[in-house]
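Take a look at this one; I'll ask things after.
Should a chain be cited, it is by its letter among A, B, C, D and E, assigned in written order, with residues numbered from 1 in that chain.
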Amino acid sequence: MSVFIRHYNPGSVYNAKIWRFASTTAETPKLTNGEDDEEFRVLDILKKRDKLQRRAPRKADVPPDRAEKMRTDQKWGDVWPGPKSFHPSSVPLPIRQGYVPKGQAPPGKKANAELMKIPNFLHLTPPVIKSQCEAIKKFCTEWPKLLNSEEAIEKHYPLEIITSDYCHASPVIRNPLSRIVILRIKLSDLKLDKHARDKFLRLVGDRYDGQTDLVTITADRCPVRRQNLDYVNYLLTACYHESWNYEDWEGDKTLQDMEYYDFDMNQSKRNLVNWHLLCLNEENNFSDEEIKLYDVASIPNATEYIESVSSLFNDGESDATLKKYDTSVRKLLGLPDKKIVT
Amino acid sequence: MLSRNIRLLSRRYSQAVTFRTTESSPTQQNENQVGLFYTMNNDVCKQLFAHGGLPKSFMKQTKTFTETALMVRLPALDIIDCIKVTDLNKPVVRYVLYGEKGAGKSLTLAHLLHFAHEDGFLIVHIPWVSDWLRRLPRDKEMSNSQSREGFVDIPLDAAAWLLHFKMQNQVLLKTGDLKTSKEYVWSKRESTPAGAPLAELVEHGIARVKYACDVIDVLLKEIKLLSNAKKCKTFVAIDGFNSFFYPLTRLSTPTKKKVAPEEVSLTAPFMEITKNDWTNGAIVVTTDQLAVPEDRQENYLPKYLLYQKGFEHLDPFVPMEIGRYTEREFLSCASYYRDRLWLRGPPELESELKLASACNPYNFMELCAPL
Amino acid sequence: MKMYLNSSKMLLLTRIALKHAFPKTGLSSYFTKKSTFRIQNVYMYSSKASSSTENVYNNFTDWETLSRKKKVSKAMKAYLERAKEHDEFMKRQQFEFNIGKRHLANMMGEDPETFTQKDVDRAIEYLFPSGIYDPAARPLMKPPEEVFPARKAAEFDEAGRPHHFLFYTGKPNFFKLLYDAAENIQLLHKYEDKVIRKKETPDPNASLDLNASVWLTKDQLEQMLVEAINDLEYDNFKLVMDRLVSLPYSYRCKEFIEKYRKTLSTQRFALEIPKPSYDENGCAFVTTYECLRKKARGDVTIKCPGSGKITINGQDLTYFEDTQSREQVIFPLIFTGMENKVDVVANIEGGGPSGQSGAIRWGIAWGLRSFVDKSMLEAMQVAGLLTRDHRRRERKKPGQPGARKKPTWKKR
Amino acid sequence: MNSIRYKLSGVTCSVLQAANFRPAYIQCRLYSGPTSFPDFFKNPIFRKEEQAKLIEINELSKLAISPVKPPGVSETSSVYYDPLVNKLINHVMKMGKKQLARELVEKAFENVKRIQIERYHLASSAEAKAKIILNPKDILHQAIENCRPLLQLLPIKRGGIVYQVPAPITEKRSLFLAIKWLLDATNDKERTIHFPQQFAWELLDAANNTGKVVKRKQDLHRQCEANRAYAHYRWQ
Amino acid sequence: MNSIIKYAQCSSLSQWSPVFASQFHTSSALSRVVSGKYRITKKRDRPLTYEMANPPHFIAHRKSWNSWNTSSLKDGLRRSETAVEDEFIRRFLNGTWHGLVCSEVIIKRQFNHIRVAAIVRRAVSPTKMYFLIGYTEELLSNWIQCPVTLELQTVDSYKDVVFKYI
């Protein structure tokens, strides 16, 4: 039970006429005590002794603010070295914050909880940042001259590994999301021939994006990033080598599996052959295989027709491909060319 | 009074821009008539298009304009030249008309029909395929076909088509040299002997609606044989051909199962006739977005509308785009409307309508309606 | 006793000032007849600025000398005390603000001399990013006169005599304003009579065009007069000023009127018309970004030597099926007659057909400004094509079926 | 002090009572957010002939300074635009379906035009042909003119009894009534006839002063004529 | 110690204790949300700090948050633990600095460093205050296993923190 020294300075009833002034009372001028009003002294008959020994609040001798004594050309980095909540006495700025109805002044910086709440960047003022950057500069390595353009980077480093790190507020710096590893590579950088490319695409499936020609493989199965990294590399090498070897069952590839339009395999070859034979009004009793092998060069300007049909299927139907198909059919059938509006 | 001198003004204005041509037979028409209107005389029109062939809105126009006038457009002339040029003993050449909605495909087909009629072709014409497959008026009758089980018959439509066929080819049928090659037995009592004229076959089909579909099947086989034997030149015209290839039709079997177009008994014969294994004829087909429901209407290009199967069925075909009005065509159409009192107002009205309708023929006609 | 005398003098004074305090306008006839002489008197007295040379007022001044010896009343002393204290406080705040500004400049590493208020605000925003939505609630470091409410200078001298003759109306500045307006109206009436009777020639070319400005709003007026005004008085103000403006020769007191006019942001379409830039094959094109209408956002490019082709999102005008939105898109082209001379390329997303067509219409009109001559520009402005349509669909409120529709009233 | 100020303002406002346009001043912005234009925006003048009139009295440059509202969604300056038709479309529109309303009105005009062209071709002599108006918009204007009532009956309660007192009608009100009656007459058709067809017939009837709507107008006038005795009740 | 309490009672400390006995209404019409809102007293003498003057729906509009950490972000970690720790810190601080904390406790977390800020009344001697600071920092960092620093601002009395009277 600590001993309390009670100060009690007599007199001066604190006549705090509460000034209904919105800014916190710490700000408003202290009212001087009522001066000797020579009129209307209130007659107090039942003079009660001031029973309660009103203990005047301790007038702790509060040292004046540090802010007043600061020089205006001081180095601010030393005054406010690190992140710290706002403290009015050490910030020399007359800041005010608070929503007040119109016509009143917002609460000042003293005893202003709002200013303490909001994050402040007093420790990161531009000069401080510049000096810190200067300091760090000697530890950074310089960006290699050769990698000056996007293409150069892609040429030298086709493979891209994307990992992400997280900073958050917790006693532990671990984060489950940081284990995910993404590998990204341009298909054109992988040296694949036609068959291998087709097989690789079938293996990779929807990880390949047609427009950007990028294969993105993500791995998040293993708990640790290193394991995921190995897994991703393993996946890429496996697919690559798998797509190179030719299995025997790949031979009997049916029409539906064809990923591109091959004229010989399709019905339009049969139409062409039948049409040709009809023209020569020969009897056509060819079987399927024979039709496939039937050499088309003999039919006049059939090659242009074949190429236009395959472009119609492969490059997608559009006015241009249709026009090409039109001219080729007209040549094939021996019709006059299309009239152009004069 | 005011309206009268405007009408005079517009007539004088329209006279300045010639929009009519006196050359009314398609066979003689050539480039310098492109964009001009020619009037078909009424009885040919009635004969060809009595049972459908012209869009309903056009029919109303003809009633208001008191004449059926078709504009001569380049694609039609192009096809007419091609038909004239091809020697007929080569396998049949197939033309596919494609274009936007309201670009004038059906009218170009009508123009070609008129040409075929003039040129003495035997016309096999389906006015609108999706009327058969996708329109379900209350009295539509669907039954299972006797001859080939598993198929669905639409006898009423078949009979109507036979009537239409008879109406279009009454001249050729009357000359009588078209004979059936084989003897066909419909039922115990009815049969048509070999060598009977086609007209009789058609009459039988119309009379006995139950066998109408089989009659059509037989008729088309006969026509193929006859045209192979150079007896007659046949002209096949099908509007909205791509609805044959839409996976589902609205018809349903008596057991309420949705029917695919292949299972409808009428598709097979028309598929047969659109092959190019016969000679001495021409096939003109239109693919139309309106023939198929919304989900298959992204663009109007033929390969997309015909699916893979349709495209390969027609493969060496000549695609013919029916575009919008060119500058000249638009002006002549506008002055024609002014002449027919369909359009009135100051001259800059044309430039506004040109922009608003984006020169689409149907759109232009729609925009002029309330003016 | 002394007290009583003191206050009675005050009463006397108030009664005099009161009687003459009525502004001329709406002066009921009862007053004018009786005390015309007094009004001139008061009138001369009131215009404090103009030093009244007539000697008729000498006896007044010695009142002042007389009263100086008097003991100043307590209320007066408290008032003066408060006024002095307020000035001190403001001076202190000003000093602190300047010191703070220098510190801030030093903190931000900038030259304190050229550290404007804008830099101060930017620095505070950088140092104390509070992320609070309401701008008024964010930390601010403003000069004291902006922060603390303006207070009127002392209104009466030691002797307790108010400086302003309308002091006792409670809003001296406001009623003085009405008073001056009324006075000007009198002048104009007199001038009009002179013109009629004495054939004086009015000044022909000076005219007053007011359609580019509007009367001050209520709070602007309050700021100017440093007095609170209620709606009724604001309406009277506007009424009097309109009455003044409507007089035929109102151009004579032009500067008095201009003082209370707020010029509207004149349609700045005429000022900065974008110069068309030229693409590779030399045809001029102008792109207007940010074309807004309802929810639609997009941009429109206009190429000048064009053939009237319109492409929207890569498609032709058939991008819009319904004719109404097509007509909206071609409206500016037809209005300016440039439909065959200009190509339009627009890409737009969001909103429905009418929103998108409205955005394109505005974009085209806005782009055409640089291809069109002055008169057509004005025609487009009067046709309203150049006004941005910022109207948005009003949100539905809870408890109501729609934005404004209220639930149907049910008897039971 | 208060009393004086009150009297003061009392005095001034008594003078103002006569010109009571005070409410017009208060710019009501009860709803936050821009759902409408502030009231100092002027209405747009976009039709060619109106602009021509303005240019004649060189008012245009004056108006060009003050801000102007943009023209509405369905307003254009094209040659075939007619504000009356736009108003009619808005009257026909239900539940905001403007496209449908516009289609119906356009089909009605089309039917009118077809009927008139038919009549034109059937008409024998030249001046008979001249009499037939072919433009549906002219017919609409004609019909509206014929259906506009000139007077209206106002229910005024006098001593417990409500009298139908004939009173002059404003321009807007008569136009509204004309259109409303036209649409009422069109809507009490049988189920099988479509709106455009019926509306076309109504327009044609109204154009040559026959038909239900004109009869209704004449009834109203007759009623007004009958009640002209009560005409003075309007002022008490 | 008792003088403080006596002094507190007579200056109606009850208004000061953070949790006020706000009237609790059962009937549906009156049981609308009253949390964080204070009713006007007849004498208009209830003092409110800025935090208390702005009801909860003004957070982020007129006043800002009391605890700043990354747990509320998208896939932030340790959401519940941080909330519990914050609450513990607040109660601990209100308990150890009993009657001295006259504003809300602000907790800012950066990586593993926790900074606790508050406005404290100068009612105890400085030596005692330093002891309390060390005491709380030590205990809190042991319990939460993170270095805790206390950043206090001292004020004369409750009156300096008052924003308005209702």
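Here is the rule we use: contacts are C-beta pairs under 8 Å (C-beta built on N, C-alpha and C of every residue); 3 or more make two chains touch, one makes a residue touch a chain.
If you're wondering where the values come from, they're calculated on a predicted model, not measured in any experiment.
Visitor: Spelling it out: a chain qualifies if it touches subunit D and also touches subunit E; which chains qualify?
Guide: C
Visitor: Could you give the fewest steps needed to travel from subunit A to subunit E through chains in contact?
Guide: Step count on the best path from subunit A to subunit E: 1.
Visitor: By mean C-alpha coordinates, which chain is most distant from subunit D?
Guide: E
Visitor: Average the CA atoms of each chain to get its centre, and name the chain whose centre is farthest from that of subunit B.
Guide: Farthest by centroid: E.
Visitor: Decide which interface, B-C or A-C, involves more C-beta pairs in contact, and give its chain pair.
Guide: Looking at A-C and B-C side by side, A-C shows more C-beta contacts.
Visitor: Between subunit C and subunit D, what's the gap in Å when you average each chain's C-alpha atoms?
Guide: Roughly 38 Å separates the two chain centres.
Visitor: Determine the centre-to-centre distance between subunit B and subunit E, using the mean Cα coordinates as centres, and give it in whole Å.
Guide: It comes to 86 Å between the two C-alpha centres.
Visitor: Whole-Å distance, subunit B centre to subunit D centre, using C-alpha means?
Guide: Inter-chain centre distance comes to 48 Å.
Visitor: Averaged over CA atoms, how far is the centre of subunit A from the centre of subunit B? Could you give it in whole Å?
Guide: 58
Visitor: Give the residues of subunit D that touch two or more other chains, as numbers and ranges in rising order.
Guide: As it turns out, subunit D has residues touching two or more other chains at 78.
Visitor: Give the residues of subunit E touching no fewer than two other chains, as numbers and ranges.
Guide: Subunit E, residues with two or more chain partners: 62-64.
Visitor: Name the residues of subunit C that each touch 2 or more other chains.
Guide: Correct list: 130-132, 134, 137, 323, 327, 330, 334.
Visitor: Sort out which chains touch which and give me every pair.
Guide: A-B, A-C, A-E, B-C, B-D, C-D, C-E
Visitor: Can you tell me which positions in subunit A touch subunit E when the two form their complex?
Guide: Going through subunit A, the ones touching subunit E are 1-2, 4, 6, 18, 20, 22, 24-26, 52, 55, 57-58, 60, 62, 83-85, 87-88, 98-99, 107, 110-114, 116-119, 167-173, 175, 177.
Visitor: Any idea which subunit C residues touch subunit D in the complex?
Guide: Subunit C reaches subunit D through residues 18, 21-23, 25-28, 168-171, 175, 178, 209, 211-212, 214, 231-233, 235-236, 238-239, 264, 266-267, 322-324, 327-328, 330-331, 334-335, 354, 357-358, 362, 375, 378-379, 381-385, 387-395, 403-404.
Visitor: Sort out for me which residues of subunit A touch subunit C in the complex.
Guide: Touch list, subunit A to subunit C: 29, 37, 39, 70, 72-74, 76, 86, 92-100, 103-106, 114-115, 118-122, 125-127, 130.
Visitor: Would you tell me which residues of subunit E are touching subunit A in their complex?
Guide: Listed in rising order, the residues are 1, 3, 6-7, 10, 49-51, 54, 58, 62-66, 68-71, 73, 75-78, 81-82, 103-104, 106, 108-112, 115, 117, 119, 122-123, 126, 128, 144-146, 151, 153-157, 159-165.
Visitor: Quick one: in the complex, what on subunit B touches subunit C?
Guide: 100, 351-352, 355-356, 358, 360, 367
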